[in-house]
Amino acid sequence: MADSLPPPALEVTGLRKTFGDFTAVDDVALTIAPGGSLAVVGESGSGKTTTARMIAGLEKPTAGTIRLNGRGRPGVNARTSERREFAREVQMVFQDPYASLDRHQKIGDCIAEVLTLHTDLRGPARAARTAELLEQVGLDERHAASLPRALSGGQRQRVAIARALAVQPRLLVLDEAVAALDVSVQAQILTLLQHIREQTSVAYLFITHDLGIVRHICDEIAVMRHGRVVESGAADTVLTDPQHPYTRKLLDSVPVPGWKPSRVLATADTVPSVPGTEASKGDAGNRP
Amino acid sequence: MIWRFIARRTAMLVVTVLVASIVIYGALFIAPGDPATLLVGGGKPPSPRVIEEIHRQYHLDDPFVQSYWRWLTGMLHGDAGQSLSYRDSVTHLITDRMGNTLFLVAYAALLIILPGVALGTLAALRGGLGENLITVVTTTLMAVPTFVISVLLIWWLSVRWGWFPAYGSGVGFAGRIEHLTLPALALAASWLAYVAQVTQAAVRAELASEHVETARSRGIPERFVLRKHVLRNAAGPIFSVSGVAVAGLIAGASIVEQAFGVNGIGALLIQSAAKQDLAVVQTLALITVVVFVAVNTLVDVVTAALDHRVSLEAGA
Amino acid sequence: MNRPQPLLAIDELHVTLPFKGQPRTVIQRVDLTVPAGSAVGLVGESGSGKSMTARAVLRLLPGGARTGGKILFDGADVTTMSPAALRKLRIHDVAMIFQDPRAHINPVRTIGDFLTEALVTTRGVRPRAAEATVTALLREVGIADAARRLRQRPSELSGGLLQRVMIAAALAAEPRLLLADEPTTALDVTTQAEVMAIIDEARAERGLAMLFITHDLALAAAVCDRIAVMYAGSVVEELPADRLHDGARHPYTRALLASRPAPGSGGSLRAIPGRPLPAYETGPGCAFGTRCSQAQEVCGAERPLPRSGGGGTTACHFPVDPLVPQATTGAGDRSTTHG
Amino acid sequence: MSSYQIASLGRGLIRSSRLRSFVRGHGVLAAAGAVVAVVVLASVCAPLIAPYDPNAVDVMAVSQGRSAAHWLGTDDTGRDILSRLLYGARLSLLAPAAVVLIAGVLSSALAVSAAWLGGWWDRTVSALLDVVFGFPGLVLAVVAAAVFGAGLTVAVVALSVAYLPYIGRVVRNAALRECQLPYVSALRMLGMSGWRICLRHVVPNLLPIALVQVTMSFGYALLDVAAFSFIGLGTQPPTAEWGLMVANGTSGILAGRPEQSLYAGVAIVVFVIACNLIGNGLSTRLQGETR
């Protein structure tokens, strides 16, 4: 890799997190190119959300390094100014659309507050930028004047996206951001995210349990299990030609036309989790 | 899980009682003036000779930790010192009156728990007009202070109708029943309403719960659904609230004893506080705190045994 | 139709629930049949009334609910059944599997109590015999150390295991119809496959009929014989499961399929504008009209009635001809608001 | 879960059950608000509307029944009972208001800071609340009276301390839940200062909960303060106060003249019922608002 290339939007190596005796995340390595998009796929207990929270700075890693745009991330207890400056590197959209907005703050105020914090925009200029951001996610001034309670789940998730985009981050972490939404609304948000990436060249780290949606939003996939990355690579390759038995089992579990559930799958559960060597081999394929 | 829970709660009990005892003993020293005057009681300045005698007797000039420790170990051995205003040993004062108070509290507890749980369950299961009536009555009763009930009971049942004596503690079991029925009723009234309301709410919540829906969907006879699912699951909160009510009685007893002239430790506490006889007040306050915290701990442990979710949550 | 009498026949079901003293429609019109031994998938988004339909079959609706139309089980109308007959129906004929086993299994009693209770109290089976029966059933649903599990409480079991316990409890009743209300929604995808397989096997062995409630079209199509799609309290389309992917005629069904193309299919994502509506928010016309790209004037004024065609029924004024390929509704248009 | 938490769960259940539909269905909330408003107004305007000086002794009119001159009669020293009720409302309401305000502000500050900062501070605050919870309110007040002498100020301070855990535990639990919500994480990630998140976002969201708790506690505080005066350790004669009036009236009861105790008692009961209904109504509104 030549020095002239821009640093990756996200570079994680040897990431590890333990809670007491329990190892939630074990030796995870991930890389996302500027403007790239990586899906971390796993079931409950795979450590995918803990990984996301460490990258977002909401959880302190036990070991490992996280570099965003070439910069090390400040700790959980970093000074406000440091955090504010770093806010432009990474933002996050959470799963629960009902709890990710302050319920006593109007939508417009919510966006404007962020703009006040991060830009010199004031008065009409700030109002214009607020309207622009909301329009970007498909909301209008009617929504801006309402409280979160008046909005549907999908609309609230749009607001959360607009709030994150207000600081123009280089990386957006989407933690199960569409999991709580109805199928028809999920598709709206995914389409919106596609358009935003085309327009703004923001990079995505898309955390999900749902293999069915990753291809629409991500170029690369990392499959996690028991805190480790078991397979990673280009989305099309992993989805069509999975190498790891667990990835195959995941894919085989997704109902598609002609799919029949069978308990043969259950025996695949007994495949031992793959030792570190194979996992790190998988990681290598993740580099752009 | 349950043993860890018990161990934790017991440790909390010991710590709470220790801190409380420090506060109670320390009260002597945060008061304005010489602590010895508070031990004499009566609020009048005693002669310097008496003060000196008290300082020696209570080791007031020793370092705080030392004198506190002496006081605490004395308490544990049943030696609570002398009350100068009553001219008697504190231990004797208290043991003399303990019986009346225990009888009163036990009587009131009985009056609270059985009718309270029965009324609440009935209200929740029957619904309709009866439930509304019980709700109105219990809401009103919860707002009536113990001392007002006392006054009303004296007025109606004692002065007007002459059913019960208005004053005194009575002797022997029958005499106590006769004298302590009104105080027990007065003490029980608002807590009875509280237990009834909580029971009603807990039973209603279980009636509407998903697992009861499951039981019904399986065609399980309604009487089994009520007994094994609704009442069984409501038992935890009901027991817990009843326990809180009994603990509350211990504190509330003093007002009733004062109103009805019952010769119990509650009335003793108030009277000695009025005389500023701190030796008695300290001992009684410590006993009350110990009993109050012990009852609460016991209730928590039994609730956890009834409903293992409680200990799981506490452990998490 | 000259089919034999179906096991379950729901005919013009209409349900209202009281809201602030006023009745509020939650089910507009459901027509549905489940033949003996077959599986019907009832698919819809949140608020479509699919769960309420399943509950209506066992008369488990919340207090104050009013039901119109008929629900015939084996010819007997559930809505007007005597309490004794209803209890017999619940004990012997219909068993329900709920979405959230953790809430639906009594948390303070043991798994053994839960499983044997129905056998002991409703059929007079001796406790020891009941225990033997449920132990065998637990093995059948893939729980190996059944004896130990019987003494445990729900909080000691994972969600997947609990759902198997729920299935075992349903099977213990030896019913003829299984009502499965989103039985795998709370589970991981690999666990979902296992649990669905268990249900599938148990059904095949016993000749059980099933009404399968889910939001997942693909899953329903995989495990059911026929699919009914619900929207805003009405069944908008009913068709054989194997015709779903290329024979769907209702714009909503087609749009829903396009919202979630299968992982390997290569299909691109198309969103439906707006949000799914509950029945009481719909106007006089077609409930889907406001979100439909093919809506015309009549769609806003007149509610379409179900009409047969192409092996199923469709409630649409302008059903799509599946043979003519076309761009379905409001393709991935970012400007679609009201998400 | 402690028994207190279950007890408050009990209260939560009560709120969500029958009483709630009853309150909502009958406009009781408005009536309760009117009662409180009238009583507060009357106590404020006591000098204007009271027919007599509350402490004016009239030996010619001792222990009279209702009459045109004395609407509610007179007490055993010939003081006008209506005037004493009106004036008495001032202390009877002010003292418990002070108790719940002091306890509410102090415990909320402790609870929010404990939840927000966590760590040793949270453990200290929790332990403090647990220890205070070990003292029944009246016992603490009695000890305080023994040390500092009887009086209303001592009672108010002691009860304020005793009420800390009742408000503090509820607010702390709510604050812990609030701090866990993703919007707080989102604001942290946006680089907002902890102070700003806590004061501008978390605290306003907790305010209604604290307010409901304060309202619900007010009725109990009123009962406790009145009880304290009743046993002779609170307000001292001849000051007019409801609890003291009940106590003063007891001597008349044995003589068959319960009026003074009765009127003061009814005043207490009606006002406390009104407060409890308002508390229930507010918490119902609050539950409707979250989400």
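Brief remarks on what is shown
A, B, C and D label the chains in the order they appear, each numbered from 1.
Just so we're on the same page, a residue touches a chain if its C-beta (ideal position, glycine included) is under 8 Å from a C-beta of that chain, and two chains touch if they have at least 3 such contacts.
Being a predicted model, the structure only gives us computed values, none of them experimental.
If you compare B-C with B-D, the chain pair joined by more contacting C-beta pairs is B-D.
Chain closest to the overall centre, judged by the mean of its C-alpha atoms against the mean of all protein C-alpha atoms: D.
Chain geometry summary: the mean Cα position of chain A and that of chain B are 55 Å apart.
Taking the mean of the C-alpha atoms as each chain's centre, chain C and chain D sit 51 Å apart. For the pair chain B and chain D, the distance between mean C-alpha positions equals 20 Å.
The set of chain D residues that touch two or more partner chains is empty.
Residues of chain B in contact with two or more other chains: 236. Chain-to-chain contact here is organised cyclically: the chains close a single ring, every chain touching exactly two others. Taken pair by pair, the chains that touch are A-C, A-D, B-C, B-D.
Contact residues on chain C toward chain B in their complex (touch as defined above): 58, 60, 87-92, 95-96, 98, 100, 103-109, 113, 117-118, 121-122, 153, 155, 169, 173.
On the chain D side of its complex with chain B, the touching residues are 1-4, 6-7, 9-11, 13-14, 16-19, 22, 127, 130-131, 133-139, 142-150, 219, 223, 226-227, 230-233, 243, 246-247, 249-250, 253-254, 256, 258, 261-262, 265, 268-269, 272-273, 276-277.
Residues 209-211, 213-221, 224, 228-229, 232-233, 236, 306-309, 312 of chain B are the ones touching chain C in the complex. Within the complex, the chain A residues that touch chain C are 43-44, 138-140, 152, 154-155, 157-158, 182-192, 194-195, 209-216, 239-240, 249-263, 265-266, 269. Chain contact summary for the complex, chain D toward chain A: residues 181-183, 185-194, 201, 204-205, 289-291.
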